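These are the structures in question, set out in turn.
Look at the two complexes coming up: chain A is in both, with chain B in one and chain C in the other.
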Partner chain A sequence: MKQIAKALVVLLAIICVLPVVFIITGAFMGTDELINILSPILSDGEGYATWHFIPLYPTLRNIVELLFDTPEYYVLFWNSIKIVVCILVGQMVFAVPAAWGLARSKTRWSRVVFIVYIFCMLLPFQVTMLSQYLILNELSMINTHLSLIVPMVFSTFPVFIIYSSFKQIPDSIIEAAQLDGAGKLRIYINMAMPIGAKGILAAMILGFLEYWNMVEQPVVFLKDMEQWPLSIYLPDFATDVAGRAFTFSMFSIVPALIVFSLGRKILAEGISVSGGDVG
Partner chain B sequence: MGKKLTLQIRNFFKNDKENMLYFILPSLVGVLVFVLLPLVDVFLKSFQDRRSGELVGFANYGDAIHNDAFRLAVENTVKFELISVPLLMILSFLISVAVFHMKSNLVKFAFLIPMAIPSNSVAVIWKVLFADSGIVNGILTTVFQTEPINFFSGNAVFYLLVGTLVWKNLGYNMLIWLAGLAVIPKEINEAARVDGAGEIRIMLQMTLPNLKMSTFTVAVLSLVNSFKVYREAYLISGTYPDDHIYMLQHIFNNWFTKLGIGKMAAGAVLTAVSFFAVLLLMKQLILYERKKKRRKVRKGKEESGHEANC
Partner chain C sequence: MSKLKRILKKIKNYIPGSVKVAGIFLLVLIICTVVSRAASALIVPYVECSTPSKMSIEHQVIKTGSLSGSGENPVYVCEGVMVDTVAVQSGDIVEKGDTLMQFNMDDLQRVYTEKGFELTGLENERKYTYTKSAIAVADHKLEICRTEYEQLEKLVEKKGVVTAELAGEIKEVRVSSGKVTDKSAAFLLTDAKRGYIFETSVTEEEKKYIEEGETAKVTVDKSQEHFPITSVQPDKKNPGNYIVQVVISGDIYRIGMQVTVLFSHNSDTYNFCIPIEALRADKNGQNYVLVLGTKNTILGEELVTKKVNVTLEDSNTKYAAVNSVALQADDRVICNANKQVENEDVVRESRD
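Then we have the complex of A and B:
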């Protein structure tokens, strides 16, 4: 019984990873090989598509082509990087102090603010989409990266995660520092940030994954393709460029995977801290 | 009365000995402008005529409710949530119980990987896998000798989307379950085992009741994340997909582009209200007992506090 369960879980785990394997192997296949195995999908060939988990003739051509002959790719890539980095830096400036303030303050109004923040965190984007558009339009941010960056800087999700890790800091430590004459800013920078670092990093990693894959906002707030992030560009999936579609996908997964594997321990710990108290 | 009220308001803001307001204020201003102001605006717009801005009572709500597309979207969304959220919760729970004692972190990491795959890459792979003459149909016809399935239409595309959501969120939910499991003292389960309780009985009567907070967290996050499946739906089949996966997110996007502002605002308010009704219901269902207990504990504390004061 236990063995069967274990085998099933391992099988499921493999299914979870399989799509990444498809993309990476596809990226190293030549055009001929891809046409050969995917012709039923790409050009109404007979039968069904198949796959080689080890490319027959591995090639770097797709990668070279994407990196050297496709300037659009760089525009999309740097747009994404710029948007994600600006959002995360903005959250460091606004969300982290807010989380600290809410965790330390013991007044009624701070509790109310925290509940309002949870409410904002859970609200689906589509509910406020229209009015958000109107406000961003009023501030002439529509069709610029600011329309994605500014509202996301004030996302309350990181506040919530970081709040939980700040809550773990015992009052006595802070009080001791106060007695020693440390000011509020000093306590925040020299004590709160280092002790709560795990929660902050977990929020940043989750944020990176979320904003790297932003779809709803750019589709509505951006018009010109020069402004687009990677996440809403659908690579052309046709006979002669199928390899490039795989390579493109590989390159958009890789940054997320790097961030993810670097921070997976922190993520597990940071989430476990916050898992304790939603609502 | 008036005096009491002003006193209450003053107390509400005053008690802030540490004066943490300065830390919170910058963020609060942003949240007010970019989240709460839009929310109020949507609420007001839902009662106004979209051209003149005159108050029209519940006319917009009537328009929205009697709109066929809106009804279809509501039906599909409710069906989607009812199937995918419980499925995701149960599956991720079973996986975390199985993974919990595993020594290698590799399996855990494997479940987390789908989280890192952007939706447009998912769209590319899904085309290769689930097209009419794609790889999955190839396996179905040759290995299992069944008829091929049209994955991108009809009921199949609905379940493909359910599967996509589950696949993407298993890992995230697993992390929360694992955090909950790690806190339960091992001795409890061992004692039950010594007393002769079976594994399933232990899971239902010991483990799950100890995981109420995790259950609630997983439920809330599953619900919130399930709305993001729109990304895959949109990138695979655009703004007007098969009727089976035409969801609330699609209709809001389409009303937005067609400037159906009144209907849209009314629909948005209805969505927000029912969304939070569901959240409160889940809170009641999952956390009810716990709250009672907590109240008892608090009462006990207060009593002992009084004694101490005396």
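Then we have the complex of A and C:
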């Protein structure tokens, strides 16, 4: 029984990993090979599309072309890095103190505010898109990176994750620190943040993965191509540039993989801490 | 230094492996960013542009040839004397004093002696003439005979050599060795003082730019002068071609001199004239030009080429007059590029 369960899990894992395998093998295929196997899909070829998991004629041409002959890739990459880093730094400044304030407050209104936060968190972007656009337009932020950064800095999701980890801190520790003469700022910096670090890092990592792959907001708020992040640039997916498209996708997932591997353990612990006593 | 090394070692040990990997990844991407920009800059062609100008197209036909004389001068010699040698032939250029022919001295001497006797006879006859009319006739005959005698005397002194009285070109030779001269002119000589003629043949295409009455620029050595085109006539020997004549006068010119003549004609003014190297043609024969446009790309606003179809109205070796609905007066037309450029290519403009 255990063996069957294990086999099933492995099979499901393979199916989940298949798209990444497609991308990696496609990045090492030459143009002729890709035209042969993908022409039924991308151009009016006859028959069915096929795939070679091991390329017949592997080549590094696509990778070399992308790394050394495609300056557009780096413009998009650094745009993404700029947007994501600014959002995460902004969340450290605003979301962490907001979560601490909500977690330590014992008033009824703090619960009401927290419930409103959860409600806002559940709203999809399409619902708030128009109102966001109007406000950002009034603030002359449309077609700038601020149109992506400012709304995400004040996002409710990290508040939710960090709130739960701050809620785990016993009141007695805080009271003891107050008795010892520690002020609110000192308690926040020297006690709350170190103790809630796992939750904060978990929120940052999840935030990175979400904002790195952000698609809807850039499409709506950014008009100039030079402002685009990596997530929304897709070369014209014709058969003659399919190799470059696969290579592009492969390199696009590398930063997310690095961040995820960096905080894999922290993420698991942070989410498990956050999954404790919510509210 | 060792303290710095210890600090760096501590930092290195403190930083988790994944962060190091991330740092190396970012560093590699920074280097690749610079390299890819440099590689892209090497590939992008440099172009030179100009705006269409309003001007007329000048057509030039350049011909080189030699000058010939205009007008004819007959050269008369003594009648009835045998010719020994003829020193010139048709087309020869002679200066004043050049030998044209040589009479046979024996025959000349005979004719001279006979003329002397005739003169003596006429003088004696005159002595015995009394009526007015007879005297007039006798005087007239005497004068003619005396003139001929003097001419023969001069010829005898010159050993029978006939020389040219003026410079010119021998148009026709009517005497030959061994034959006796007659009353008609022995030679036809052109007169250099009456000007020179430049004659050349032009094709139907070239004739479009040459009109009777316009001027042509004549160049010889470093001298340049303008002279009128006096005649443009169909060439009967070569149907489809035309003979153009320009009359040239001046002290510096000589018969037989090589000159270069430039026939220049300005067309009507055209609104869009571009350098000829800017004009291109596609595989269907449609003429087009590439103009500079802008395009918003991921790398910002870039200069790109745009194809504009044009109709060729006129051209010479330097400029082309075109017409197009899509071409504007302030469009920057691409004339030259350091690499091959096609429609929708990204380019950089050279400001040299």
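By definition in this document, the second predicted complex is superposed on the first by the 265 of 279 C-alpha atoms of A that agree within 3 Å, B and C clash if a C-alpha of one lies under 4 Å from a C-alpha of the other, contacts with A are read in each partner's own complex, and residues count from 1 in each chain.
Simple rule for what comes next: a contact is a pair of C-beta atoms (placed from the backbone, for glycine too) under 8 Å apart; a residue touches a chain by one contact, two chains touch by 3 or more.
Owing to the predicted nature of the structure, the values given are computational and were not obtained by experimental measurement.
J.: Quick one: on chain A, after the overlay, do chain B and chain C clash, or do they fit? Just give me the call.
T.: fit
J.: Check the residue A:Leu262 against both partner chains and state whether it touches chain B (first), chain C (second), both, or neither.
T.: After superposition on chain A, A:Leu262 lies in contact with chain C alone.
J.: Where does A:Tyr233 make contact in the superposed view: on chain B (first), on chain C (second), on both, or on neither?
T.: both
J.: A:Tyr74 in the overlay: touching chain B, chain C, both, or neither? Say first, second, both or neither.
T.: After superposing on A, A:Tyr74 lies in contact with chain C but is clear of chain B.
J.: Scan A:Met225 for contacts with chain B and chain C and give back first, second, both or neither.
T.: second
J.: Going by the touch definition up top, name the partner, chain B or chain C, that contacts more of chain A.
T.: B
J.: Chain B to chain C: minimum CA distance in the overlay, Å?
T.: Shortest inter-chain C-alpha distance (chain B to chain C): 17 Å.
J.: Which parts of chain A are in contact with chain B and also with chain C?
T.: In chain A, positions 233, 259, 261 sit in both the chain B and chain C interfaces.
J.: Note which residues of chain A are touching chain C in the complex, please.
T.: Touching chain C from chain A are residues 67-78, 224-226, 228, 233, 254-255, 258-259, 261-262.
J.: Provide the residue numbers of chain B that touch chain A in the complex, in ascending order.
T.: Result: residues 11-16, 18-24, 26-28, 30-31, 33-39, 41-42, 45, 95, 98-99, 102, 107, 109-125, 127-129, 131, 133-135, 137-138, 141-142, 148, 167, 170-171, 175-176, 178-180, 182, 213-214, 216-217, 220-221, 224, 227-228, 230-231, 234-235, 248-249, 252-253, 256, 261, 264-265, 268-269, 271-272, 275-276, 279, 283, 287 of chain B touch chain A.
J.: Enumerate the contact residues on chain C facing chain A in the complex.
T.: For chain C paired with chain A, touching residues are 16, 18-19, 21-22, 25, 29, 32-33, 35-37, 39-40, 43, 296-300.
J.: Going by the contact rule set out above, which residues of chain A touch chain B in the complex?
T.: Within the complex, chain A touches chain B at residues 5-6, 8-10, 12-17, 19-20, 22-23, 26, 38, 40-41, 45, 47-51, 93-95, 97-98, 100-102, 104-110, 113, 116-117, 119-135, 150-151, 153-154, 156, 159, 184, 188, 209, 212-213, 215-216, 219-220, 230-235, 237, 245-246, 249, 252-253, 256-257, 259-261, 264, 267-268, 271-272, 275-279.
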